[in-house]
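Below, each structure is written out as structure tokens.
In the two complexes below, chain A is the common chain; its partner is chain B in one and chain C in the other.
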Partner chain A sequence: MIHRLEALREHLRFFWMLFIRLPELFTERREFMRQFADVGVRSLSTTVTAGIFTGAIMALQFHLQLKDFGAESVLGGLNTSGTIREVGPILIAFMLAGKVGAFTSAELGTMKVTDQIQAVRCLGLDPISFFVVPRFWAVALNSILLLVFGLVISVLGGMIAVWMVADINPDQYLLMVERFATSESIFLAVSKSVIFGLLMGHICCANGYWTEGGTQGVGLAVKKTAVQSMVAIVLADFFISWIVEIIVRSGDFL
Partner chain B sequence: MNAFQRALDTVKILLTSVNALARGRVPSRDIWKQLYEFGNSSIGIVVLCVTFMGIILISEYSFHMKLVIGNDSMIPGFAMILLIRELAPIVGALLITSKMGASIAAELAAMKNTEQIDAYRLLGLNIVELYVAPRTLASSVAAWSLATISLAIAILGAWFSAVVFLNFSTGPFFQSLFIFVTAGDLILMSIKAVVFGCCIPSICAHYGLQASFGAEGVGHATTDAVVGTSITVIVMDFVITYLYAVLAS
Partner chain C sequence: MIRFENVHKSFGPKKVLNGLSLSIQRGEIFFMLGRSGTGKSVSLKHLVGLLTPDSGKIWIDDTEISQFSENQFVPIRKKCGLVFQLPALVDSRSLYENLVLGIRHLDAVQKLARISATLKAVGLESLEKDLFERFPPSLSYGEQKRLALARTLLPDPEILLYDEPTTGLDPTTSLQIHDLIKKISKDFGKTSIVVSHDMRNALKIADRLAVLDAGRVVDLGTPEEIRRSPVAMTMAFMEDLQ
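Presenting the complex of A and B:
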């Protein structure tokens, strides 16, 4: 238990350090732009696939459930709202944790075990501001943008699936989206995206930077990144839903 | 290597290992060891994730049902059906992928780098039968058991939060659950869990065996394995759900 708490303290310290080093992004802006473009291009196809299929799966399930009640006309709104509030962010973030997080972790870990980070230190540069800070912000910002994009795409996926299976035409579907996907749902979806993005960026950079011991260490770091990101995402999802609900209930929101 | 060749190679690995299992060429000692690895080591994290998803689902559904129907007596049935049909098998499969699948790919890639796979071939042994076959059986059994166990605990978690936060009574909660959940849902869940569990080791082994040389090759193989498997799981989930929707209607 003490061991776990110490690990948590290390994580928080690392996260805080990355956060306050934001100004250093300006001096390393070339590296940052390169990483940003790299991460974004590499994970766009994953996000689109995950988004379309998440929306489609949820639409099929909601269709099966609502069919018995003759409430198919509200399917579009209910499916969009349910997907962007809850299941969409989690599933797309799982995919991104595998794609972006694991890759960045493996890259940093390989640099560490092949002593490239030590080499940079020997040149008198700070490896954290040179390697870690640009990667953290590139991964975090990209994940936020990709998550929001994936959620938008998931509406399309749901629309197509319902069109295929249930003969509900897209006009009717989109009409309901406006009625049910309220500003509150969108606020919840975006706040989830922001938190998940920061969490993924932190976890992959920390595990990559702390890699120890040869090639097997890199494999271990990748596994740790994937597992920790998933657990962190599920726990964060629970707390964000809770907190946003309290905020919404406590007053006139928006 | 294009996507079609990749799929072909994966199917070949899967068929080879199923063949080896059917002919009893896999020692039961290996299977028990892998069952322990797959099942025991990931039960905590799968149960944690699925339980939290159950709790979140029930509160989200309460929000939606009040919006659409105006009463919330059917929430437990609706929310738990979604958990049974979709989230329990898929979240379990994604967690097994990132925990065990990544290590299968990393291990095979490292073995390829150190020329151990060539050594096995020289000895006349088939690496797929030796390495992938016990894991295929173990992961199918583990995926199904993990989905079932986590589902049971998630339903208890949802019941707890419904009673404490949403002013439900225990009776109506379980009544609505028993009315809505049918044998078809449980069979669908089992099919999904077994299919996902069966495919995960083959896909990851394919990526591991195709790894390029050097330390970077291992890293790339691991990442590609996790992403490829997750995407395949989502796509297979869609196909199974689509077939179910077509058959059910």
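Presenting the complex of A and C:
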């Protein structure tokens, strides 16, 4: 238990350090831009695939339930709300954690075990500023943007799926979107995207940078990144939903 | 001058340095030899602050660095360049970007002039035209080692630390690297400390050698003295040359 608390404290300390080093992105802007473009390009196909199929699966499931009650007219609204509030962010975040998170962790871990990080340190540079800060912000900001983009795509995925499978007109589908996808749903989706993005960026960079013990250590770092990202995303999902629920119930929301 | 005074270092229950004491003179080519795990690389890493001793003192010139902080090591790292056992080039950066890591404060013209001279010194002038397009994985292992040496030389450190510079190289390239160490040391007046298992080449180019065993120096002397040494560990190394 004490070991876990110490690990949590180390994570918080590392996260805070990455956060307050945001101004250092200016010095390492070329590396940041390169990482940002790399992560974005690398993840776009995953995000589009995840978004389309998340929306499509949800839409088909909702359709199966709603058609028994003759309530297909609200399908677009219900599906959009359900997808962007809950299933969309979590599924897309899982996919990004598996792809971007694992890649970044493996890359930093390999740099660590092949002495690239120590070599940079010996040349008078700070390896955290040089390697980690640009990657953290590139992964975090990209994940946020990709999650939001994926959610928009998921709405289209749902619309196309029910149009093709259930012959529901896209106009009819979109008619109810505005009514169900309230500002609260959008706020919730964006909040989750921001928090999930920061969590993914932090977890993959921390595990990569802390890698010890050769290639086996790199494997372990990637495994830790995958497991910790998913656990952190699920926990964060619960707490964000809970907090937003409290805010909405208090009646102060927008 | 570099001086280790009764330095101890353990990793968990394993004692790696066990009262290491030795001194190295300015401008000297100094070899540290010994079996694996006798503390050779560990002692080098103490000089650039990658490790801190459990006890004992380390001096570089008149500065006692044993308990220096990360910030205090910044000027020490300008003075001491470490060439790692692995090339340790940043794979995701071009050759040019790797080379300028230690000279970021210079302007572009100065950087290029210094890179050109250094590449020539390490025998890699053929790479000069491809510096911006090529990345480290496109080089042979020997070229990567030379490029890593060039990167370490570029900030112009006074002291060069080589951690097993010929590991993984064929005998011919290994000989070339040793010749290069000698040339750089003599031409540029650098102090060179080389950690190695290669007694044959060490005897050819070293000014002095130390043989380490169980984290302490068991033999020390010029190549001639080492050849005639009665110390068992040294004799075992010499027998391997037969």
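One rule holds in what follows: the second predicted complex is superposed on the first by the 253 of 254 C-alpha atoms of A that agree within 3 Å, B and C clash if a C-alpha of one lies under 4 Å from a C-alpha of the other, contacts with A are read in each partner's own complex, and residues count from 1 in each chain.
In the analysis below, contacts are C-beta pairs under 8 Å (C-beta built on N, C-alpha and C of every residue); 3 or more make two chains touch, one makes a residue touch a chain.
Predicted model, so just to flag it, every value in this text is computed and none were measured.
By the touch criterion defined above, A:173 reaches neither chain B nor chain C. Looking at the shared chain after the overlay, A:14 reaches neither chain B nor chain C. By the touch criterion defined above, A:124 lies against chain C but remains apart from chain B after alignment on the C-alpha atoms of chain A. Comparing chain B with chain C, more residues of chain A are touched by B.
In the superposed model, A:114 makes contact with both chain B and chain C. Common to the chain B-facing and chain C-facing surfaces of chain A are residues 107, 110, 114. Partner chain C is touched in their complex by these residues of chain A: 107, 110-111, 114-116, 118-125.
Chain contact summary for the complex, chain B toward chain A: residues 45, 48-49, 52-53, 55-57, 59-60, 64, 67-69, 78, 81-82, 85-87, 90, 94-95, 97-99, 102-103, 106-107, 110, 113, 215-216, 218-220, 222-223, 226-227, 230-231, 234-235, 237-238, 241-242, 244-246, 248-249.
Chain contact summary for the complex, chain A toward chain B: residues 46, 49-50, 53-54, 56-58, 60-61, 63-65, 67, 69, 71, 74, 78, 81-82, 85-87, 90-91, 94-95, 97-99, 102-103, 106-107, 109-110, 113-114, 161, 165, 180, 215-216, 218-219, 222-223, 226-227, 230-231, 234-235, 237-238, 241, 245.
In the complex of the two chains, the chain C residues touching chain A come out as 48, 50, 74, 77-78, 81-82, 84-86, 88-92, 101-102, 104, 148, 151-152, 155.
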